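You will see chain A twice below: alongside chain B first, and alongside chain C after that.
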Partner chain A sequence: MNVLTDRRRERLLGYALIAPVAIFLGALVAYPFLSAIYLSLTEKTVGYPAHFVGLRNYEALLESGRFRIVAWNSAAFTVGSIAVKLVVGMAMALALHNVVRGNQFVRGILLLPWVIPTVVIALTWKWLMDLFRGLINVALIDVGAVTGGVHWLGDPTLAMASVITANVWRGFPFFGVSFLAAMQTVPQELYDAAAVDGAGSWEKFWRITLPSIKGVVAVVTLLSTIVTLNDFNIVYIMTRGGPGAATHIFATYSYELGIMSQRWGLSMAASMASLPLVALLIVAVVRYLHREEE
Partner chain B sequence: MGTLAKKLAVLVALTAVLVPLPRPPAAAGKLSLWRLKTYIPPADKILDANAQECAKKAGLELAIQTYTFDDMWTKFTAAIESKTLPDIAELDAVGPARLANLGRLADVSDVVAAATKELGAILPNADGAVKFGGKYNAVPHYAIPLVLFYRPDILTKVGAEPPDTWEDIQKVSEKVKKAGVQEYPNGFPWNRTGDGYDPAMSLLWSYGAAWVDKSGKFTGIPKAAGVEALRVVTRAYLADKTSAFDYLSWSGATNNEAFMAGKITFTPNGPSILYQEESTQHPLLKDTAIKVMPKGPAGRNLALTFVMNWAVPTDGKSQKEAKALIGCVMARENFVKYMQGSFRQMVPLFAKPLDDPYWNTPTGKIVVETVKQGHPVGWPGPTTPAAAEVVSGNVLTDMITRVIVDKVTPEAAIDEANKRMKEIYDRLPVK
Partner chain C sequence: MRGATLARWTVLALILAIVFVPMYWIVATSFKTGRQILLSESVYVPRPFTIDNYVYLFEESRFALWIRNSAVTALASTVLSLAIGTAGAYSLTRLSFPGRRTFGAIVLITYLVPPGLMFIPLYRTFIGLGYTNSLGTLILAYPTFLVPFVTWLLMGFFRSIPRELEEAALVDGATRLQAMVRVVLPLAAPGLLAAGLFCFTLSWNEFLYALIFIADDSLKTLPVGLSEFVVSDFAFWGQLMAAAALASLPVIVVYIYLHKYMVQGLTAGAVKG
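And now, the complex of A and B:
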């Protein structure tokens, strides 16, 4: 009886200990998330009561040419950013993995972009890419590479490449450091054995390194995809979605709809648009990791 | 069990401390005031001092919070939904229409009546942004008018007169470019800031391309006039190449920077460039001039987008005290002190202070003239929530950039804009 009471006490204490976390998660994650889903199914203008309209907001978005541009831009921004971060991050990890002297120092320097506030990064890149006074254009003109300033933030294609560049600069250290940590767990014996069999650097990377760290690669890519898909600051500060709507993405579009136009229902639907894709990605990665564990 | 109870009590107490509770409305004797943080800190200081002095005289405790043009609607959106608007709110040009339509603003006709006794009549063109259904829902505070900045030295160099029409701006820009003085002299940014949508309204209205009638009801942009207006300004980007596409991505400050860096000949802006140049003794100060924004075939119909108005939200429990405080801040002595400390940026919307000798300078006369000729958002009707959304949703500037960036024809861009506006006016019908 005494044992049972102790167990009960223990269970109660367990619940009590997780209660604050559960309350916080419920209040700060679950409630806003479910509210957003509900609001996306309503005609809700700020200050007015919400009216349930089912999927009408989603239908309106699908019919909107502007939303299609925004969806395409979001895809280009996300895929472009992730692809480059993956390559640069891997290069950073491989380089650091083989650096013996000054490894910690270099690692610290390369982590800087990740710890600098995004607003500072966006403002810095905006200035670097300014048509008239930007360091990049001034340098290119000075060395005679171009005769006039390049329209980094004005040409629709270059503007997208420019915001991707800023995003990559901020995000690649996360990839690099994660990959490096994973690489350092790969047993040296595998490389030694491969060397005995005559494997070169590329074969060692392709057949040993990459398969050994693919779990980390998958998780890091997934996390970064979610964050990049919801990025706001870089685009808003550098181009405000311009020129025209050339860099307008889900987050800036949702802001324009929800805050400036006060259309919460439609804004929530726009911000929920990427949810199925993110959910699919999460399911895919989780299933992959489970399979790996088995 | 006693220990467990203690642990639970500690957890509950911690949760209670950490979980934020809704802010209770200000108690009697305390007032909250939200105002715009302007780019003239000395003027902001005078305003705060005036307001605090007024509060002190009335035995009130005044808490002032600020916002910028960029985060104003983020702050107000949250407050509207949580019913925590302040006792006194300084609202932008579209704020009174939006909040009055929600029934969230007190009638301040009595405050306006008292202010007109001291400051003279409200300018007739300012009424449309603050007077709804025959009563005032806000008291006009000041306007920051957009004027045309230009470089007289460059115009002299190319033998051109200061432009007076939209066509003139294009022609002079071409001359400047051809003379090799500047590559992209025409700094009109059709972007997602006030420097984009304010001139967009002035442009359309001066070509007779308003989208509403005098009652504020939607009529649509007339195709012929709209096309003419679009052709004249998109030419700078597409044919003459006197504007760079980069201008379409500018923030509200980038055109100031480009002008002060000597890279553009024209740009629409509030008088802030003058303030910056004067306060830094900028070398271009002597080569900077302003002019009233251009006219078109239908006349000079300027927009007044940067207008700030005092309002008393009905969320507050101290509306009487709030009104008294606004009345005190708008009292002649206080208002003139503020106006004269504003480096000629904050232009009154009442008749008497506009006649103050303070404005009797070459630039002062131009900003006063601009305010006198300005029209509220949604002209020729009053400002309505639908007109507010047309502007804040960037419908007008999107229409222009569709032609420039996406190479849509002006006719198709107008059709698209009219479709978007019709949806807005159907959803937010004009009462």
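And now, the complex of A and C:
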């Protein structure tokens, strides 16, 4: 009898303590999200009530040339950023691995870009890339590499690479430190055994290091892909999606439709456009993290 | 072996330079005069250097107000998120009830939903509630990502505290709630502090929601204030970089303390990039 009431009490306390989380996330995540899906199926003009239009907003998006550019840009921005972050992050981790002296300090410095506000980073890169007075152009002209300033943010073909650069600068330390932490858990015996077999550094990397840390690499890549695909700050501040639509990505496009033009149905549809992919990525992360827990 | 060592130091030096140069550019610019910036004089090292840009921020701009708004928002949303998240994390790690695993999964999923996807839906919801353009809007909006974060982070901390300590308290006649407050929470104090500091940093740095939900000039937060400097003119880069340096300072101080937790959190998948 006593045991039963104890168990009931525990259950009640369990629900009571999780209730605030459930209510909060229900009201300000689940509800907005579900109503967004509904609103993406309606059209609302100022002064009239919203009416149901089915998938027309999505059709309109798919038919619009601008949306296609946005989808393509988002893919380029994400794939480009992640690929470079993987390479630079891995180089950083390998360079720091097994360095004993000053490791903590150097790692501390290298993580700074990841700590300071993204807005600061975006503004700083905008200023670094300034056509006439930015450090990059001034230095390039000083060493004689170019004769006139390069239009880093004004040239449609360069602008995407430029915003990717700022995004990589912010994000690669997270990759590097995560990889490094994973590398430090790989048993030294594996490397010793490989050394006996005559394996070189390159072989050790491909045969031991990479397979041992692939779980962390996968989680970090997935997490970063979710965030990068829906990035807003860097592009909004550096180029506002321009020149033209050369760097326009999902979130800046939803902003344009919803906040600038007040076309709510369409902007909801644009917000939800990356959802299928994001949902897949989230499922993958959740499965990975649960597997590691067990 | 020597070749490998040389390669290692080259890579390290290169990466350090890449990280260092933009940060140096912030600080260097912040000490330049308007003339030096406009005419590209003493580009690499400001000579002579001036603190006019910093003085300007406090005497002639709304910088102090932005700091106040950011601090109020960050502190309030941190306290709110810690309160809600701590209770939730305890429930999900220490108490057994039907649906617990589902709640755990929901928390993780909501944690992973990116703000870039949520800002329009959330904005519509706040419009529906008639509650936009107030610091309170942000104080309610930030916990949408902070609560799942705190819950997820603290679940790890709570798991590392031996159950036996709590069970001993229960045997001594404490109720479950007393055991939580008197035994588990004090032991989890470093975790709570780390979670709180993380929340503060995330709120302090937040830009998108603050940009969309706040229209009133006097309610703008620091990142939004900074972003609007740029519309003015290029001649303001000196003041802007001074503001950028000052805006980064609190989170750098917090980070010096948080560093070790951050690395642990990274590996646990609790902190995302």
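Just so we're on the same page, the second predicted complex is superposed on the first by the 276 of 294 C-alpha atoms of A that agree within 3 Å, B and C clash if a C-alpha of one lies under 4 Å from a C-alpha of the other, contacts with A are read in each partner's own complex, and residues count from 1 in each chain.
Just so we're on the same page, a residue touches a chain if its C-beta (ideal position, glycine included) is under 8 Å from a C-beta of that chain, and two chains touch if they have at least 3 such contacts.
Since this is a predicted model, take the numbers as computed values, not measurements.
Looking at the shared chain after the overlay, A:Tyr48 reaches chain B, while chain C stays out of its contact range.
Using the contact criterion defined above for the overlaid structures, shared-chain residue A:Pro20 touches chain B and also reaches chain C.
Between chain B and chain C, the partner in contact with more residues of chain A is C.
Looking at the shared chain after the overlay, A:Gly171 reaches chain C, while chain B stays out of its contact range. In the superposition on chain A, A:Arg9 contacts both chain B and chain C.
Once the two complexes are overlaid on the shared chain, A:Met90 sits clear of chain B and of chain C alike. Contacts of A:Ala71 after superposition on the shared chain: neither chain B nor chain C is touched. Once the two complexes are laid over each other on the shared chain, residue contacts for A:Arg133 go to chain B and to chain C alike.
Using the contact criterion defined above for the overlaid structures, shared-chain residue A:Gly241 touches chain B, although it does not reach chain C.
Of the two partner chains, chain C is the only one that A:Ser274 touches; chain B does not reach it. Within chain A, the residues touching chain B in one complex and chain C in the other are 9, 13, 16-17, 20, 130, 132-133, 237, 258-259. The touching residues of chain B, counted against chain A in their complex, run 1, 4, 7-8, 11, 14-15, 18-19, 73-74, 77, 80-81, 98-99, 102, 104, 183-184, 191-193, 244-251, 254, 257-258, 261, 263, 389, 392-394, 398, 401-402, 404-406, 416, 427-428.
Listed in rising order, the residues of chain A touching chain B in the complex are 9, 12-13, 16-17, 19-20, 23, 27, 43, 45-48, 65-66, 130-133, 148, 151-156, 159, 237-247, 256-263. Residues 4, 8-9, 11-12, 15-16, 18-23, 25-26, 29, 37-38, 40, 43, 83-85, 87-88, 90-92, 95-98, 100, 103, 105-110, 112-125, 140-141, 143-144, 147-148, 151, 176-177, 201, 204-205, 207-208, 211-212, 222-223, 226-227, 229-230, 234, 237, 240-241, 244, 247-248, 251-252, 255-256, 259, 262-263, 266-267, 269, 272-273 of chain C touch chain A in their complex. On the side of chain A, the complex with chain C involves touching residues 9-11, 13-18, 20-22, 24-25, 28-33, 35-36, 39, 88, 91-92, 94-96, 99, 106-121, 123-128, 130, 132-133, 135, 138-139, 169, 171, 173-178, 181-182, 201, 216, 219-220, 223-224, 226-227, 229-233, 236-237, 250-251, 254-255, 258-259, 264, 267-268, 271-272, 274-275, 278, 282, 285-286, 288-289, 292.
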